[in-house]
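Sharing a structure below in structure tokens format, with a few things to ask.
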Amino acid sequence: MVTTGRLEAFSDAVIAVAITLLILDIKVPDASSATGLWHALGDRWPNYASYAVSFLVIGIIWANHHSLIDVVERVNRPLALLNVLLLMAIVLIPFSTALMARYLPGGGARSHIAAAVYSFTFLLMSLGFSAIWLHASRGRRLLIAGFTDAELREITRGFTLGLPLYAVAIGIAFVSAPACLVLHAIVAIYYALAARGGSIRPPTAASG
Amino acid sequence: MVTTGRLEAFSDAVIAVAITLLILDIKVPDASSATGLWHALGDRWPNYASYAVSFLVIGIIWANHHSLIDVVERVNRPLALLNVLLLMAIVLIPFSTALMARYLPGGGARSHIAAAVYSFTFLLMSLGFSAIWLHASRGRRLLIAGFTDAELREITRGFTLGLPLYAVAIGIAFVSAPACLVLHAIVAIYYALAARGGSIRPPTAASG
Amino acid sequence: MVTTGRLEAFSDAVIAVAITLLILDIKVPDASSATGLWHALGDRWPNYASYAVSFLVIGIIWANHHSLIDVVERVNRPLALLNVLLLMAIVLIPFSTALMARYLPGGGARSHIAAAVYSFTFLLMSLGFSAIWLHASRGRRLLIAGFTDAELREITRGFTLGLPLYAVAIGIAFVSAPACLVLHAIVAIYYALAARGGSIRPPTAASG
Amino acid sequence: MVTTGRLEAFSDAVIAVAITLLILDIKVPDASSATGLWHALGDRWPNYASYAVSFLVIGIIWANHHSLIDVVERVNRPLALLNVLLLMAIVLIPFSTALMARYLPGGGARSHIAAAVYSFTFLLMSLGFSAIWLHASRGRRLLIAGFTDAELREITRGFTLGLPLYAVAIGIAFVSAPACLVLHAIVAIYYALAARGGSIRPPTAASG
């Protein structure tokens, strides 16, 4: 059987490769003069911005994935499958980041589509997380012991919060792609620093 | 010597990189209008479908590899070599997936070839699994103790089942590439969820 | 929560992928004759030199990252975020290495820009290290017990030393790109071999 | 400090990424007819052959690296540096494999150069291994206890054997590139299966 330790190790490796592949979309520019090179490097700002936001988001996904699996006691086959689906969504992010970087600077309708697709891959990722949590926590079947009902409800709220959030981001994408990217950056930094953002505290009973 | 733990860790890393490289074949389209971008993204459906199926298949390979190595007590040199050959087959999958995605939409004879090559890499992978199992289980030489003869026969049946299955898929490839891809998807989901599909339960005697 | 062990494992994986991606910039040349092939392979010296220096630098980053996390007792959210930012800087290195290799041979102003950007990614990396150390060591909040004040001051000096060093490298970049690359090579070898270069000894009190 | 466990984990990850990157050189062919696709896939035989040989060689490098580090008790700074240099040589192999695959079919002087460069990267790798072993075993300074002088001499012979072997391969490269590739395949399979090929048995005294 797949243990939680192995599920984490494999997920870590996939997430580590996905986060590193983000750099492959930042290409060396061709420039025939020094001024041209400065401009070409500067013109790549949508790549740098998308790279930074996606790197941050995937980094937080990694941390939250550990929080989630930490409270899972055992892995059954549907959970392993849901985890593969989550990874499938995460690995899409280098593609949607490249799409965002390609169409962000032009503005207009194409940038809206790119930002919507970008947000949509985050929504898929959030769906994966929610599905894993709901499957594991339903009747507490795969969780470690000690969670109170209130704790479970709070964690469920934390995990499913991403869904409306990313749905809103898709909406904003059709208004302004840069605003959409900024929103993702703010959400990522909030999640990274907020004491309880999307993370799971071990049950108080277990640690008591 | 290579221990089972290290064999698993290295195989995990190779499988994790291979599964993530699948995304490199989904390229950002060039489009000069919003409508063009929607169409270009939609036209990539063979890439998305192949990506999803291959991701699922490799994810299941990963889980089954653990099931297999879990019941192996020690690694000898031929087993390590067979494992390298198995990984060699798995790492071919990103290539055959790209081939499938490239020729699936056109239909016709080229799509049949692509689907056949795609199925052939799965057959190679299945051959690798069967070879590892047969080498390890022959006279129980590398297995943990406790398997009954009936259990061994059942596992052998489970592992070698992939061979005729993928041979059939190669046949179907020459009739219809989409049907072949759908078959792989169904087999993958079945294996992912079926209680005993391709996986190995530890011997009852050992856990009793 | 993210433990130090998991932070290290994830960082290791990201660094391992980043260091290996360096090879993707060394491309097979097209040549129509044997002499042409020798020359084309020889003309790639900026790629080989940049590859070697960056590989060495990232290898040392990896070792120093372990030295750093070894004396960290627990990971809090800001530390995990700072670590993601450090990785973000490290993963930029394959890009800046490719930029360096592309514009080094031409000489002139473009090579100065490339060398400056190359050094700048190292400066970012050094900033990340300093930030992690300063956050962890401030009031000893995240460190293992046993460091004396003198030891802490010495380590702080070691880590923040990279900042002026890489600032100087940026300056030298605008004089001579090859000299800048040679400087990075010397610094890397010094750090690799020097008993105390950038590394952290565990507190004497703890090991006493 | 870097421990042997971490040195192995990092080396494993780098080797796993390098071995998987080999597939990136096998590209999907463009073909306008079914016959054209069969031919294009068949014409890729130098890619398949080089892929298989390099995959096997790197797989064996991985196993031998564990054998080597298993008898190392502690890592000092020069050893960590030598290990980075070894990895630097291993990561070159995807490049030299692509070079081999590109110029093998044409035959003639260019194929000789490609095969010589290919063999040269293996020689570099072998040099790295020898350097690590000689540094670690000199005066037994970094080894686990229990090796007899005769055992040390035997292992030294096993490790340094690669050097003349790969030098001979470089010579053969200038006669025939296919013969050179076949030689590498034979050596790899021999090393993979031979009871003592390049591997290290733990000291008899320690296990007695």
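Couple of notes before you dig in:
To keep things simple, chains are lettered A, B, C and D as they appear, and every chain counts its residues starting from 1.
Keep in mind that, in the parts below, a contact is a pair of C-beta atoms (placed from the backbone, for glycine too) under 8 Å apart; a residue touches a chain by one contact, two chains touch by 3 or more.
Fair warning: this is a prediction, and the values are worked out from it, not measured in the lab.
For subunit B, the chain with the farthest CA centroid is C.
Copies subunit A and subunit B of the same sequence differ in orientation by 90 degrees, per CA superposition (steps of 5). In the contact between subunit A and subunit C, the residue numbers used by both copies make up under half of all numbers at that interface. The distance from the centre of subunit A to the centre of subunit C, with each centre set as the mean of the Cα atoms, comes to 26 Å. Subunit A and subunit D have CA centres that are 37 Å apart. Taken residue by residue, subunit C touches two or more other chains at 9, 13, 16-17, 21, 24, whereas all remaining positions touch fewer. Residues of subunit A touching subunit B in their complex: 1-2, 6, 9-10, 13-14, 16-18, 21, 24, 77-78, 80-81, 84, 87-88, 91-92, 94-95, 98-99, 102-103, 108-110, 112-114, 117. Contact residues of subunit C toward subunit D in the complex are 8-9, 12-13, 15-17, 19-24, 26, 28, 31, 33-34, 37-38, 41, 51-52, 55-56, 59-60, 62-63, 66-67, 70, 189, 192-195, 199.
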